[in-house]
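What follows is chain A paired twice: with chain B in the first complex and chain C in the second.
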Partner chain A sequence: MKANYVIIGAGISGCSIAYNLAIKGVKDIVVLEKAYLTSGSTGRCGAGIRQQWGTKMNCLLAKGSIEFFEKAKETLKYDGDIEFKQEGYLLVSTDEEEDHQFKKNVKLQNSLGIPARKINKKEAKQIVPHLNTDVITGAAFCPTDGHLNPFRMTDAYFKAAKRLGVKFYFNEEVTDIIIVNNKIEKVITANMEINSNNVVNAAGGYAKEIGDMAGVNIPVYAENHEILVTEPIEEVQRPMVMSFTKNIYCQQVPHGSFIMGRSNPEVEHNHSNESTWKFLDEMAKTVCEILPLVGNLRVIRQWGGSYTMSPDRQPIISDTNELEGFYLACGFSGHGFMFAPMTGLLLSEIILKEKSTIDISDLHLSRFKNKKDFIYEKSVV
Partner chain B sequence: MSEKDVIICRCEDVTLQDLHDMMDQGYTSFEELKRLLRIGMGPCQSNTCGQLVQREISKYLKVKLEDVKTQKVRPLATGVKLNSICEGANNES
Partner chain C sequence: MINKDLVIIGGGPAGLCAAKMAAEAGQSCLLIDRNRTLGGQLIKQTHMFFGSEKQFAKTRGIDIANKLVEDVRKHPDLIEIWDDATVVGLYQDKVITVLKNELYIKVQSKAVIISTGASEKVLAFENNDLPGIYGAGAVQTLMNVYGVKPGSRIVMVGSGNIGLIVSYQLMQAGVRVLSIIEASPKIGGYKVHASKIRRLGIDIVTSCTIKKAIGTEAVEKIVTVKLDEKWNEVPGSEKEYEVDAVCIAVGLTPLTNLQSMIGSEMKYISELGGLVPVIYPNHETSIENIFSCGDASGIEEASSAIVEGYITGLLASKKLGNVHPRYDELMDEYNTQLNNLRNGPFGDKILNGLKKQGA
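Our next item is the complex of A and B:
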C-alpha cells in the first residue's frame, strides 16, 4: 500500500491533524492506531478546556481551540452531541504568592482577549456555593472555559476526516519505520507495509518509542495520572474548580457525574494506567476539604491514563531537523485535549509549508538541544 | 418486542436499538461502545449489561462468545461515598 502521509495514533491529536490536512485537499492520508479510537490518553482524560494559563503560548493555543470548539458541531457536521459546556473554570488560590501570580496571569490573559478576572472569596462563593472559602485566599474565573465529551469530540473529527477520504486502520500497531538514505521509506505494522515518505507522530504516551523507530530522539516520557467519577446528580456545580497548591481539579460534567483528579508527585515514568487505593484516599481527603458537599457522592469508578511530559511542560508541534518528512505532535504534558484544534491546524501549516497562524518556533523539537534548565508552566495539576 | 423497547443498560438507559445503531457504524468492541454509549459506565459498572452486550457483539460479528473481548474491570466494586473513604483514610493514619 502507498500513502502520502501516515499518521500514527487515533487520539484527539491524530484525528485533528488528519482532518486539518484532508480539509486542505491533501489526498492519501492513512491513520494507524494500535487499538481503537480514543484508546490512549484521550479516552481517559478529564476533558477540561481552559484558557487561564501562565504562558502566552498556552493561552493562545487554548483560545484558538475554544473558538473552534464553539462551532465544532457545525464545522465538522457531527450528527451527535459533543456535550460542550461553557460554565467556566474557577481557579482558587491558597496564599498571597499565588494570589499575586493569578493577578499576573489574568493581566496576560486579558491582553490576549481572554475574559478572565481576578475575584475575591465572596465572589467565588457566589459562583460555587458549596466551596469551602476558609481554606482559600482568592480566585480567578474565566466564564468561557469548560468541558467537552472527549469521545464524541474525537469521533466528530474521525467521522469528518473519514468523509474527506482519510483511511483509518485500527488494531494496527506500528512496529518499525524504515529509513533509507536519511529518508522515510516505509511504515511497518504486523499486517501491513505502507510506502510513504511522510510520517506524523501523534502517538501520545508512546511518542518517544515512535521517535526511536525513526532514529529521532524525543525527550518525553509517560506518567500515570489517576482520576475518578461519581454517581450522577442534578446540576449543583457549574464551573470546574481547580487548585494547584491543594492538587485537585473537580468538575461536574453535563451528564451529572463529578470527575476529579490529582497528581502523584512520586509517580514513576512508565506506561501504567492502573488505579491505586492511595489515589482514592488522597483524592477523597482533598475534595472533602475543599468541596465538602461533594463528599456525599458515591465513587463509582476510578482509572488512570498517561500524561506525556516534555522537559518544559509545553507541547512539541514541529518538523524535525534530523529527518525530512517526520512530524511531531506530542509532549502535551497533561493538557493536549484542549489544544487539539490548534495542534491540527498548526501542524498542517508546518507540513504544507504555509504561513503559521501563530508563531510556534518555541514549540520546535530543537529547543531541547543542549538545554537543561527550563521555565515550567506552573498552572498545572 | 421492538428493539427500541429493549433496555440493555439500565444505568444509562441504553436500548438494543442504540447498541445496534452504533455497531452498524463500525463500533463493535465493548470499550468503543462504552465510550460512545456510556454502557458499563453507570453505578452497576457493567454487572448487568456486560454479558448482554458481549452476546450481542458475538451475534453481530458471528464470532464465538468466548472470543469477544470483555471490558476492563476497575475499582470500586461497589459505590462508596467520598466522605466514608475520607473517614477511613483518616482513621488509618
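Our next item is the complex of A and C:
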C-alpha cells in the first residue's frame, strides 16, 4: 500500500490532523491505530476544556480550540451531540502566593482576549453553592471554559475525515519505520507495509517509542493519571472546579455524573493505566474537603490514562531537523484533548509549509536540545 | 488495612468448598459473601439434584447449602466469615476493598479465590424494564426464600432446565404458567423435566420469542412472535398474553468484574457463558495467586462448582505452603469426579469451552 501521509494514533490529535490535511485537499492519508478510536488518552480524559493557563502559548492554543469547538458541529457536519457545555472553570486558590499567580494569569489571559476574571470567595460561592470556601482564599473564573464529550468530538473528526477520503485502520500497531538514506520509506504493522515518505507521530503515550523507531529522540514520557466517575444526579454544579494546590479537578458532566481526578506525585514513568485504592482514598478525602456534597455520591467506576509529559509541560507541535517528513504532535502533558483543533490546524500548516496561524516556534522539538532548565506551565493537575 | 493470607470471594458452592479444603489443609482464610445467608444460589433451589451421589444427587439444593455451610462452620479457628459484605474492588497489589455494615474496609491479601458465581442474562425487547418482568433467579428468590408469589399469570421465556424447573415450582405455588416459549427449535432442558411440565398441561412453544411488553405501572400484556429457521420474526405470527409477570430464564453469564478489574487475561467463550478468565493449570488466572473457580470461571452445574471449589482450595493452600495431608488422593478423586460430571449430557459443550479457556 502507498500513502502520502501516515498518521500514527487515532486519538483526537491524530483525527484532527487527518481532517485538517484532508480539508486542504491532501489525498492518500492513512491513520494507523493500535487499538480503536479514542482507546488511548483521549477516551480516558476528564472531558474538560479550559483557557485559563499561565503561559501565553497554552492560552492561545486553548482559545483557538474553543473557538473551533463552538462551531464544531456545523463545521464538521456532525449529526450527533458533542455535548459542549460552556459553564466555565472555577479555579480556586488556597494561599496568597497562588492568589497572586492567578492575578498574573488573568491579566495575561485578558490581554489575549480570554474573558477570565479574578473573583473573591463570596462570588465563587455564588457560582458553586456547595463549594467549601473555608479552605480557599480566592478564585479565578472563565465562563467560556467547560465540558466536551471526548468520544463524540473525536467521532466527529473521524467521520469528517473519512468523508474526505482518509483511510483508518484499527488494531494495526506500528512495529517499525524503515528509513533509507535519512528518508522515511515505509511504515510496518503486523499486517501491512505502507510505502510513505511522511509520518505524523500522534501516538500519545507511545510517542517516544514511535520516535525511537524513526531514530528521533523525543524527550517525553508517559505517566498514569487516575480518575473516577460517580452515579448521576440532577444538575447541582455548572462549572469545573479545580485546585492546583489541593490537587483536584471535578466537574458534573451533562448526564449528571461527577468526574474527578488528581495526580499522584509518586507516579512512575511507564505505560501503566492501573487503578489504585490509594487514588480512591486520596480523591475521596480531597473532594470531601472542597466539595463536601459530592461525598454523598457513590463511585461507579475508576480508571487510569496516560499523560505524555514534556520537559516544559507544553506540547511539541513541529517537524524534526533530524528526519525529513517526520512530524510530531505529542507531549501534551495531559491537555491534548482540549488543544486538538489547534494541533490539527497548526501541524497541517507546518506540513504544507503554509503561514502559521500563530507563531509556534516555541513548540518545536529543537527547544529541548542542550537545555535543562525550563519555565514550567504551573497550572496543571 | 487488614492482612489476610487467603481471601475467598463468594460463599456459594465453589467458595464454601474451597474454604473447607483450605481449612483441612491448615490454611486460614477469610470468606466474604454479599448475602446474609451463605450458600449462593443453592439456598433458593428446593428441587432435588440430578447427577452423581458424590455431589448430593436426590438432595434438595437448600439442604446441600446447609451441609456445605456446616462443613465450613466446623473450622471457626481457620475460616473467618464476613456475610452481608460486598467486595467492591480488587486491585493489582491484591488489596481487596469491602463494604461491610456501611464501612469501607481494605484487606491486603496474598492469594485470592474468586468464586463470585454468575448473573442472569437479560433479553432486549420493548419495555423490558416494566415491573413484573423478572429473571428466573429472582423468581426463585421471591418464592423459595421469601415465600412471595411473583404474580398470578406468568409466561416463562426459556426452556432450559432452570426455565422448566421454575415453571414447575410456579405451578406448585398456585401461579398459572400460561406458556413456556423457547427461541430455538428445540427444548433446552432435560426431557424428563419437559415431559413433567407438559403433563401438567403447560404448552412449550419452540421457535418463539418475546417481542414486547405492554403496561403502564407494571406489565399487563406481552406479545410473542414466532421465529423462522434463520431466527427472523415471522410476520403475522404475533400472539398476545395477558400476564402480570414474565420470567426470563435465558441462561447465565459469569460474574467476572473482579478478574477484569485486576487485569487478568480474559476471553469470550460462548460455551462458558461469555467473558471468562483464561485459566492456567493450577486454576490460577494469568495473575499469580489469583484463582478463579465455579461459575465465575464458566457456567456449569452446581455439582461442578462444588468439585472445582474443592480442587481450587487444595491448590491455593498448597501454593501458600499448606499441603492437605491427603492432597494427592483428593486431587485424583476430585479430578475424576469432574471428568465424570463433564461426560454428562452437556459435557461436550463445556469441554469444548474449557479447551479454549486453558492457557
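Convention: the second predicted complex is superposed on the first by the 381 of 381 C-alpha atoms of A that agree within 3 Å, B and C clash if a C-alpha of one lies under 4 Å from a C-alpha of the other, contacts with A are read in each partner's own complex, and residues count from 1 in each chain.
In the analysis below, a residue touches a chain if its C-beta (ideal position, glycine included) is under 8 Å from a C-beta of that chain, and two chains touch if they have at least 3 such contacts.
Bear in mind that the values here come from a model prediction, so they are computed numbers and not experimental data.
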Check your understanding: In the superposed arrangement, does chain B or chain C reach more residues of chain A?
Key -> B
Check your understanding: When the two structures are overlaid on chain A, which partner does A:Ser275 contact: first (chain B), second (chain C), both, or neither?
Key -> both
Check your understanding: Taking the superposition as given, does A:Asp81 touch the first partner, chain B, the second, chain C, both, or neither?
Key -> neither
**Study point:** First (chain B), second (chain C), both or neither touched by A:Glu193
**Key:** neither
Practice item. Applying the touch criterion given at the start, work out whether A:Asp95 contacts chain B, chain C, both or neither, answering first, second, both or neither. Key: neither
Check your understanding: In the superposed arrangement, which partner chain does A:Asp176 touch: chain B (first), chain C (second), both, or neither?
Key -> neither
Exercise for review: Answer with first, second, both or neither: which of chain B and chain C does A:Asp362 touch in the superposed model?
Suggested key: neither
Study note, to complete from the structure: Where chain B and chain C land on the same part of chain A: residues 275, 277, 280
Exercise for review: Using the touch rule from the top, collect the residues of chain A that touch chain B in their complex.
Suggested key: 36-39, 43, 151-152, 155, 229-231, 255, 275, 277, 280-285, 287-288, 294-303
Review point. Chain A touches which residues of chain C in the complex?
Key: 89, 91-93, 95, 97, 106, 261, 263
Exercise for review: Quick one: which bits of chain B touch chain A in the complex? Just the residue numbers, please.
Suggested key: 29, 31-32, 35-36, 38, 41-43, 45, 74-76, 79-83, 85-86, 88-90
Check your understanding: Which chain A residues qualify as touching chain C in the complex?
Key -> 274-277, 280
